[in-house]
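Two complexes, one shared chain (chain A), two partners (chain B, chain C).
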Partner chain A sequence: MKRRDFLKACMMCGAATSLGISNKAWGAGSFEGYPDGMGVLVDLTRCVGCRSCEAACNKEQNLPAPQVPFDDKSVFEEKRRPTEAAYTVVNKFDDKQGGGPVYRKVQCNHCNEPACLTSCFVNAYTKTKEGAVIYNPKICVGCRNCMIACPFNVPGYSYSSAFNPVVKKCIFCYDTRLKNGKPPACVEICPQEVLTFGHRNELIKVGHERIRETPDKYVDHIYGEKEVGGTGWLYLSGVTFDRVGFDTTLGNDPIISNVKEFLGTVPMVLSIWPALFTGFHLLSTRNKDHSDHGDSHSEQEDPKP
Partner chain B sequence: MKRYKAQGIDIVDSMHKASGAKKWTLKEKLFLGLTPQQYIAQALRNPFNWILAVIFAVGLPIIAGRFLFGLSWVTHSSCDYPWGLFLGFGLFGMVPLSSSGFQLGTTCEVFGRHDFEPIERLALLNGLLGYFFAVCFLLVDLGQPWRLPYPMVVAFGPAAVLFLVAWHVATYLSVQIAEVSVAFFEWIGFPVGKRAVRKIVLGLTVAGIILSTLHQGALGALFTYAPGKVHPLWYSASFQWLHFFVSSIPGGLCMVIVVSTIASKTMSWRCDDRFRNNLDKLTIALAKGASMGLATYLTIKLIGIAHDNKWAYLATGWGAWYAVEMIGGVVLPLILFAVAIRNNKVGLVRFSAVLTVVGVVLNRLNTSMFTFNWKLSEREIPHWREIVICITLYAIYITVYRFILARLPILYTWKTADETVPVTEKQAGYLALERAKPEPVGTYCSRIEESIPATHYTTRKE
Partner chain C sequence: MYSVRNWLISGVVMLALVSAPTIGRGANVPDSINIDPLAKLYEKVKFNHAKHISLIKDCAECHHHTTGTQVQEKNCVRCHKNSEAKKTVACRSCHAATPFSAEVLRAKESDRWLYHQDKPGLKGAYHQSCIGCHEKGKGPTGCKECHALTKAGEELYRTGEFAPRPAPGSGKHGGH
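Up next, the complex of A and B:
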């Protein structure tokens, strides 16, 4: 190998290296949420399953009319999840240990460090300083990695649209309400005061206060205070959380911390591999006559005499 | 084709027709040197073409329908199962089988093992086509495929693993096109381009290693976003990317064994002696590499389970399925490879290579589909149209593969002995002198490839 070839190879590797490095942002530290981020405290002990929050959401977000009207209780027969047609759903859980049924409202929890946001390769998601996780349909490519990543199975996708399918999920009524300091439509309509809107930091205090005042009524835990790095929506419950459809195995680390082990290897590979393999090449081809292989390779070292 | 060859019809394998000094035209090259009538006749004789025709007749309208009526028309993809067969099989299954390009490139160009050269181009082509069609599968699956370039030009999500995959696959595709273009330049008759690529081949190869390591691993790392959804036996935060990367090594090597077997059986007219005579020896050599990869893979799979102490899951139904995958796709091929290599049984090597390929694809399907959302009671069954589209795309892949193998010098060496050199003005005088005197017969490549040193030139002139 001539020096010129070697330098060329080095330049190629260098180019590849810098290309890779410029693609990554390394500063993904842990993020505790914006200090003024808003949230909602959901008190499951108060919910009666009237589904008026579903109706309010449907109206506010201009969603298609539901197949089953909002006052029909038959929907409780099966467990539903948020979809492209309903950003929030209420599920009914029969409490086997006495007591009546427990209703649980499901919607986007607006994580402090959202998995959908960190998994999105075009940055279609934004965590606003008000605490909402919003979505930009104009740049979404439709890979649906966010739906894979969301630990709460929230985002829905409009599969039926051929030319403009997009992710559909609760955006905390950001455009119409939250931006102007108003609570989301579901909170406003709730007749039972299940939903309390406020600063997330305050709501955690309120939640713990309620638990302290009536410890018999509540499980001593606020779901969402620490789960997957903390969520904007927080839950109080009278029965253990796993009995009302919450995933209690998620842990307190944000989803992205699982991925960091791999992301950490990227700079290592990018910086070590070029030197390592060009080194291997030099070692393994040392003292070898390159021209001995009868293939159509250009070998400049042995011009005909 | 065999029949034509037996009849003594000249098949394109060099710039010039054997009968005279006339060059093949591009049209003649495309028809392999047959007349169009002969070409069509042999195509109609081949029963495999009829199978392909049926697949295309059913599948192509359905692919068109996917873009006209949307994803819900062809898939059962739901909010819980956003990724179906297109990604599970097409992307996650095809990419590991395409790691052959970087591996054989490394063997030949970086480690200087030129004895692997008869199969290097096949491995490079296998890599290129595998990646290209993985992207095709992706395009069918994406909600808005026309936005595929967005992560490169419009909006960046640099903290996302998929961002890394997108960039690396795109870059690596260009690297592979450059690597395979050598064969294309020979075929089309553009030695300047070939020389240019040969000069940067080491850089390309090293770039290929980097990009492959990272995005093969990154495909695994994509699943670390879903720690609660992928079954623990197929999930490991620390080892996921290593599992995917390491299993791609035997996957890619075995895919080359499988493809070379199929090609040498069904396209024997196109293989030259160099390929044929070396194939058995190289198959064994590739199998040695694959068994080392498999042994490493088996080890880190077990370490992955031990690391998070997941042994209890092995006793469940999922564990039985895991055992099927590991024993059928890793342990069994490993034993068979050992027996076959020891006794020099090429047939057995080929059989276990098929097992390995199936095992790797099964692993990807298990991770992305079969065990995904293992906590949910409902499993997603792919829509029949989704399966048809997968078969159709795979049939297109085979067709393109075969089209290229039949033409470009992949399985055979481009004969160049009787080539006239395209003359530049500077070389003209020198070449005239060369022609004037008798010269020992050199090959085209040695003549055209070398630059003419200035001293050389002047001494001749004198």
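Up next, the complex of A and C:
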């Protein structure tokens, strides 16, 4: 390769890459959820920690029997996270700021722009128009990328299955309820109406209205309205969210925004680096040849087959 | 086996069937009310209305503006300062038994002028009203202090005779 050819190739690669960069606006994090997407407004000030939601979820999703009964309060001794056997769990926070313990239900928040979906390389995840983030266990290869990607640590993993371990998580009761216009089982059983089911857009209004009507009762914030691009499940709290297990450092950008620019550089790396390093290699060998063999260089390079 | 939906619906139907006493304006006030929309999972709650009347005295505390007495809540007074007594004051006549059904949501969202967009359902209204007050006063607040589980309830909560078997070595029988 001639020096001139190498430089030419480099310039062409550069031009191609810059075109690519100018097109990277695709997939921008501006999706605010489907207009008719449903959601659940969780009012932590109402929860009494009865664990009925856990029992209803277990039955609705045909999950394995729990280790202790659902009316056993000893589970509150530790902070739990959802697993393959429990798509939702309630945790207790002994925070006296709000005048007593605060209970918080944990389950999939059904993000507008789900990080799990973004991270899944076999496309097992779907964000349905009803607002649920569901997955196809037949497609799932059990790689656990989504478990790492999820900002809320939600997906569980069927470690118990030796041959076909897949990811397991709350699906908003999509198959049995949501797609038929019915609320999920946890919402239906909740005695305190901690969980309010409705269109996400309406729930945001309801949440702000509750704050406006009883400002002493709530922190002036709906967790999930904007966090990581917005979530289908929204939270009201009487104590600051970081005190009841919420990550308040996530920011409002969807998780995909963290990787979008990086992913934009992948084509550039793939196209430029081979040419660049081939060029370096050729240049260095050429110089070596030159110093070793002096004026015989052109004779050595040109007769290559 | 009944699904959660089924027991809820059947509970609601049972509530409608059970002859709940009519509450009139001071006239026909029942001393006791059986609350049983969830009778599938729980034994009915025998609510001692007379005792609560003598304890609380102010009807508006639970019945809001419907009994003709003056409401105290600041937000309510704005509109209901001079509200007259309603014909029916039972909880279920305003609070929907299925607050999140597609029909109820549709009706609520299509009425843009409806102020009470955030009205709790029947179950939520009962519990928020009862527990809210019981926590302040001396009323029971534990689930089982008011609700004895039926067999179906025990099965749902995996308790009683449906309790998970304890780990080996910790006894023959568990959960009783």
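In the analysis below, the second predicted complex is superposed on the first by the 238 of 305 C-alpha atoms of A that agree within 3 Å, B and C clash if a C-alpha of one lies under 4 Å from a C-alpha of the other, contacts with A are read in each partner's own complex, and residues count from 1 in each chain.
We take it that a residue touches a chain if its C-beta (ideal position, glycine included) is under 8 Å from a C-beta of that chain, and two chains touch if they have at least 3 such contacts.
Please read all numbers here as calculations on a predicted model, not as lab measurements.
Peer 1: Name the contact category of A:T278: first (chain B only), second (chain C only), both, or neither.
Peer 2: Only chain B; A:T278 stays clear of chain C.
Peer 1: Of the partners chain B and chain C, which touch A:I222 in the superposed model: first, second, both, neither?
Peer 2: In the superposition, A:I222 contacts neither chain B nor chain C.
Peer 1: Between chain B and chain C, which makes contact with more of the residues in chain A?
Peer 2: With both complexes superposed on chain A, more residues of chain A are touched by B.
Peer 1: For A:L270, select first, second, both or neither according to whether it touches chain B, chain C, the two together, or no partner.
Peer 2: In the superposition, A:L270 contacts chain B only.
Peer 1: Touch check for A:V48: first (chain B), second (chain C), both, or neither?
Peer 2: Second partner only, chain C.
Peer 1: Is A:V75 contacted by the first partner chain B, the second partner chain C, both or neither?
Peer 2: The answer is neither, since A:V75 touches no partner chain.
Peer 1: Which of the two partners, first being chain B and second being chain C, lies in contact with A:P66: first, second, both, or neither?
Peer 2: The answer is second: A:P66 touches chain C but not chain B.
Peer 1: Which positions of chain C touch chain A when the two form their complex?
Peer 2: So the residues of chain C in touch with chain A come to 3-5, 8, 75, 99-102, 105, 109, 117-118, 120-121, 123-128, 131, 141, 143-144, 149, 156-160, 162-164, 175.
Peer 1: Quick check on the complex: what are the chain A residues that touch chain B?
Peer 2: 1, 5, 8-13, 15-17, 19-20, 23-25, 28, 81-84, 115, 118-124, 136, 139-145, 147-149, 151, 153, 155-157, 159-166, 247, 249-250, 255-256, 258-259, 261-263, 265-266, 269-270, 273-274, 277-278, 280-281, 284-285, 288, 290, 292-293, 295-300, 302-304
Peer 1: Over in the complex, which chain B residues touch chain A? Could you list them?
Peer 2: 67-73, 75, 77-80, 82-83, 106, 109-115, 117, 142-145, 147-148, 150-151, 154-168, 171, 186, 194-195, 198-200, 202-207, 209-211, 213-214, 217-218, 220-229, 237-238, 240-241, 375, 413-414, 416, 442, 445-446, 449-453, 456
Peer 1: Quick check: in the complex, which residue numbers of chain A touch chain C?
Peer 2: Against chain C, chain A makes touches at 46, 48, 50, 52, 55-56, 58-60, 65-72, 177, 181-183, 185, 187-193, 196-199, 202, 205-206, 209-210, 213.
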